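Once you scroll down, you'll see the structures, which are given as structure tokens.
Next, two complexes with chain A in common: one pairs it with chain B, the other with chain C.
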Partner chain A sequence: MRALGRLIRVREVPVLLGLVIVFVGTGLLNPIFFSVSILNDILFGVAIVATLAIAQTFVIVMRHIDLSVGSVVGFTSFLIGDLSSKGFSLGAVLLAALLVGASVGAVNGFLVAYLGLPSLVVTLATLYIVRGIFNEVGKGQTIVESMVPEELNWLGLNRLFGISYLFIIVLVLMVFAGFLMHRTRAARDLYAIGSNPSAAGLVGIPVKLRVLLAFTSTGAISGLAGAVMLARFNSSSTQSGLGLELLVIAACVVGGVSIAGGTGSVFGAVSGAVLLQTILMAIGALGIPQFWQLAVNGTLIIAAIGLDRYLSTRVKSSNIMGASS
Partner chain B sequence: MSASSRVVLEIKNAVKAFGGVQALSGADLVLYEGEIHALLGENGAGKSTLLKSLAGVHRIDSGSITLNGNSFQQGSTRTAQQQGVAVIYQEPSLFPDLTLAENVFVGRHLQTAKMVDWSKMQLEAKTLFDQLGVDLDVNRIARGLSIADQQIVEIVKALSIKAQVIVMDEPTAALSSKEVERLFSVARTLRDQNCAVVFVSHRLDEVFALCQRMTVMRDGATVGSDEITNVSEAQIIKMMVGREVSELFPKQPPKLGDVVLKVENLCSSGQFAGINFEVRKGEIFGLAGLVGSGRSEIVRAIFGVDQYDTGSVSVHGVSLPKGSASKAMAAGIALVPEDRRQQGLLMPYSIAKNTSITVLQKLIRRFVVRRKSEEQVGLKWAKTLQLKFTSIGDAVERLSGGNQQKVVLGKWLATDPAVLIVDEPTRGIDVGTKSEVHRLLSEMAQEGLAIIMVSSELPEVLGMADRIVVMREGRQVGTLSRDEATPEKVISLATGAGALR
Partner chain C sequence: MTNLSTPKNLLTWDKGVVLFLVISIFIGSFASEYFATASNLSFVIASIAEIAIIAIAMAYLIIAGEIDLSVASIMALTSASVGYAFQAGVAFELAVVIGLVVGLLAGLFNGVLVTVFGLPSLAVTIATLALFRGLCWVLLENKPVNQLPREWIDLGNKNIPGTFFPWATILVVLLAGTAWFVLHHTKLGRWVFAIGTNADASRFSGIPVNSVKLGLFAFTGLMSAVAGVVYTLRFASASPDGGTGYELSVIAAVLFGGVAIAGGVGTMWGVLAAVLSLGVIKSGLQLAGFSANALLIVSGGLLLISVILPRVTEFVRVHRSKASTIKRTQ
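Our next item is the complex of A and B:
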């Protein structure tokens, strides 16, 4: 009973409820929506945003943000195809993607932690810088299916127990990152930093180092997500990943990862991504013009923040009542 | 505490200067195991600097600090805690999104096999809360906790690091009387567990109720230290101010004029109802009552920062529109709010800017505000209020609490108000400045200002007010003239104890 009571207060509950409502509601209006293939389309389609949302959670819980991930993931998806077509092994190209992502993350983290620059501005700058480098390196080239490593191609086409391998990757990453976020000191420190930045230093948390490491991890995972992107689309060009960062942040916020820091989970972030993807599919299934999707996403973000504010003020007032009685 | 008690901490001849300002010039402090020790002194006497040296925020220039016979390592809050010294500030800064259990162990989470062990942290936190006799859910988040509960969490944190010296810096300033009682019982528990507790407060009655020994500081140096039973209140005050304070509240008989402010049947649902009173020119009108009885809400409604449902407020017979602070200001009302840090001052701005902000419109020449005229306004009031400062361009955050309060007063007096509302005008202010603030208020009333004073301190209300309205649970439960008002009457009205008669 106590566990149930606690579950209701959990931040991920609203997004899961939203997911059920959208899914069942759409299915009732158009029964085709209840098919396995639709479910698979959702999970297959969401893999990139979900992976990036997991990575983004590390920085958002610290009350920071990383806008550079869209450029990073696009660039590494290109690099993976380009390098492997030049004969490098899969391991080598994945390592290259990881290092590129981690380097961008480390630059972000250094500027934010050690120079005290605001993450919004720093990562906006690196968003443009990485995209600029990408344009120069990729000058007019396109990665086509023949250049995609065979293993990635296979991952994009096959399923395990009926679930796309791309989403299996998301699940494994989510469980692993979720465990670390809950059970390691370093990750708990990120929540403390986001919850009360000035107090975090006073309790002995190495704030600068943590910020640097978190941005580096976000960058590294976003770099690896290039592989997921390439497996999903089987192609890449200098347009890849354009604007994706905003969708990723939307997924986190909708999933209860508070933009004000201190709270939220990778499970919530993935759920948020799945909800946004489900709505995209539902809009298709219901024959609603596609442009409504963006408006719905926007509405959801406001709803998520509104709910967040409502819940936190409710906590506050219930305590005041408790104290006076 | 007995003569055989062991010395835990000893500070000898501590000296500390900030730039040209000598904050400590020979401070001594000896703490014994199992005692509650009052650290007293006016604001600016060096208490904060001394405490911050113990907390690891400052490092003393010369002198010595020994802890258990060893030299105390100064430098960071972390090392201070590791050596067993914990400081609980008046307003603790917890992590609002983390659970109480995690707040207790944050930065040093308990681990099993290198992994954070949640159940162990919950269990240990629970045990510590139980030890103090405080019932709080360790799994709830800290957001929304009262200041009193936040302090308890900090104390539990101190216990969890096995602190031997626990410093409480003005913990009772923002607490209700019930919460103060609980804090006292917690402090006694700590004492019985052989901690040395340092208690800083400006309320001498609390010091006598709680402490075994006391140390008084003045101008950065220790001027006396003794068992509490050996000293009287008057002696302590004399040590603190270095002179006899003949009359704490220099009150002259009022010269009453016409009615300035009239409040008729003011109601605000859930806050207060049926409020009626008049305030005359030259009168000091006291609003007494317990914390939460609706006093601050009423003055906020009068000043127009809060809405009210029915009733009216008029100044010189002209009724004010509700919910408009700018109209209230134009009609000559000024409000010195309760919380000067949050509501009264722009902390990083200069004394001049803070004082002149209420009259900026008048200082505009050719579309811009001239710094010169800001400074003139600032200087004028600094002089009138006898503000202690180095330069009029100094940020107000660098002033002591008492001097900050003077700046807030000056800022509102600059508007040349007809009615001045002061909410807890001397909260957290030392005895010397307090008496000065009282003198100023009294003088201004003599000059024809109508003053409404909200105060939780009984001696202050009784000493200053010409007439007192007592509030209980949002209702006006009694009006007393200066001659009728006794502490017993006010308390029985405020608590409802008299209602049974």
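Our next item is the complex of A and C:
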């Protein structure tokens, strides 16, 4: 019982449990759900949100938020298609996407870290500005399949060991980011900043620099996620990525990356995204009208926030007891 | 954002926004001969009515240190409820009442999660943004309700006879006036500022913090519902995807109007001037031949300026007072 209690306090356990329940439950009611093609659809479909959720984890663990990612990913997916149709090489267009994302992230990070502005306001403003610039540059054009770089097209269509290459990208990114966040000093500092910003400063963590770097990384990854988006949809328009930021934050929260900062992992964020996508597929497989999907997502996020709150108070009270005994 | 209303600072942020509004009206009139026409002004006012109504409530909520991202979804849920009930044979008047009650309950739901369960409002209302919008889709599926009573639609689309003011103007003025009076001239209003400045200190000084916050969330729900009714009448349609993204426009307007995101600071007329300014700028840009993209960039830019400028003035003031202290000690 004690071990069970400890297990449930690991932030990723509830979401994995939820994943198993939804998957097995749906599969028992409709055996088709256990097929490889459904599994592939889930992993293929989740790639964009999962990539962005990994990026978002950096800022959320610092008790910040980045709302501009939807505009950034839409813009870079357009940019990649547009530039490569004008003859630029894949490397060059990916670099452009990376730079655009990193620049937006650096602006966000600078305003938040060095001017002390609230990240919610700053990134809301850059959400508008980037979308506005995007629409102005895009001029209502659409990127069609013939403009998508062949390599991205190929990545979107093919699989490695039966797993879509897009999800392989997510896995590689997750392992890399997960390694950073567990093993490197700079990324560990993000958790300290999220737990207690002023204490983090007092123990000598260069808080401003870390905040700047974290926002820049979030922007850079979100910029590259434009390539995933283009590979996934084979098209892009000025509507791309609209409203995606809230879905990404939802995935993080469901995956145990607490909006209150200081806890959570990229593995959790990806699991949260996969859970949301699995529920989407399950709704279809169970014959429930698709119209229920959003309502179910909302309920799930509330449950996740509630659970997070419950667990964090439990951890606190057990700490106090531990100290007194 | 710091409070700039010291005697030294005659130009406070909210006065600046009013000034900005006047200037943008002037520029608008010069930029296009169509700007100052009755039909355009009527259009400008009608197009900001819903945002203004929600912004009034959002101002209270942000001053009290909370936020509600689900307002546009509540607005749409009200619209969907009105349409659903009317289609099911309920009299339109009663359908409107049902819609308002639904909005109030939605706001209460947010409030209970925040005050009773102690969950952060940002996260809660991201969740209910999805939940309430989801319920719109469940109610209407993808079939908007368009057959609404003619006389009600006229109310949403026609002007007060002999003026260029749409009927919704009366509603906005009444609500804004009451909200201004309560916020700046009653005990409840002082409580809202106190809670936003320091919730713990307010609790210790006997302010029923949780009840006030719960009330504010319910109020925000109700006002979003009122906006939902206005929206439904203006577009003569109840659809599940109406007003998507309005929450960000509302928050942008409230913050541009001088309300501090950290709570405790703001004025009602600053917010209203901001809502009007954004409407005027939008119309001016459109008439001057700019695309909708320019408006996005301008909105974002104004939002950034509204948080950066107070920092700069604070910085200047701190340095000036330091300099004067040094002079005095010498």
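We adopt the following convention: the second predicted complex is superposed on the first by the 307 of 325 C-alpha atoms of A that agree within 3 Å, B and C clash if a C-alpha of one lies under 4 Å from a C-alpha of the other, contacts with A are read in each partner's own complex, and residues count from 1 in each chain.
In this text, contacts are C-beta pairs under 8 Å (C-beta built on N, C-alpha and C of every residue); 3 or more make two chains touch, one makes a residue touch a chain.
Here the structure is a predicted model, which means the values were calculated and not measured.
Looking at the shared chain after the overlay, A:V121 reaches chain C, while chain B stays out of its contact range.
Of the two partner chains placed by the overlay, neither chain B nor chain C lies in contact with A:L155.
More residues of chain A are touched by C (comparison of chain B with chain C).
When the two structures are aligned on the shared chain, A:T184 is found in touch with chain B, with no touch to chain C. In the superposed model, A:A113 lies in contact with neither chain B nor chain C. In the overlay built on the shared chain, the residue A:I48 is in contact with neither chain B nor chain C. Using the contact criterion defined above for the overlaid structures, shared-chain residue A:V93 touches neither chain B nor chain C, since it reaches no partner. Of the two partner chains placed by superposition, only chain B is touched by A:A192; chain C is not.
By the touch criterion defined above, A:P289 lies against chain C but remains apart from chain B after alignment on the C-alpha atoms of chain A.
Within the complex, the chain A residues that touch chain B are 6, 182-185, 188-189, 191-192, 194-196, 198-200, 202-205, 258, 261-263, 312, 315-320, 323-324.
Against chain C, in their complex, chain A makes its touches with residues 65, 111, 115-118, 120-122, 124-129, 131-133, 135-136, 242-243, 246, 249-250, 253, 259-260, 289, 291-299, 301-302, 305-306, 309. Only residues 67, 69, 113, 117-120, 122-124, 126-135, 137-138, 141-142, 240, 244-245, 248, 251-252, 255, 261-262, 291-301, 303-304, 307-308, 311 of chain C touch chain A when the two sit together in their complex.
Across the complex, chain B meets chain A through its residues 76-78, 81, 93-98, 102, 106-109, 111, 114-116, 139, 141, 143-146, 149, 292.
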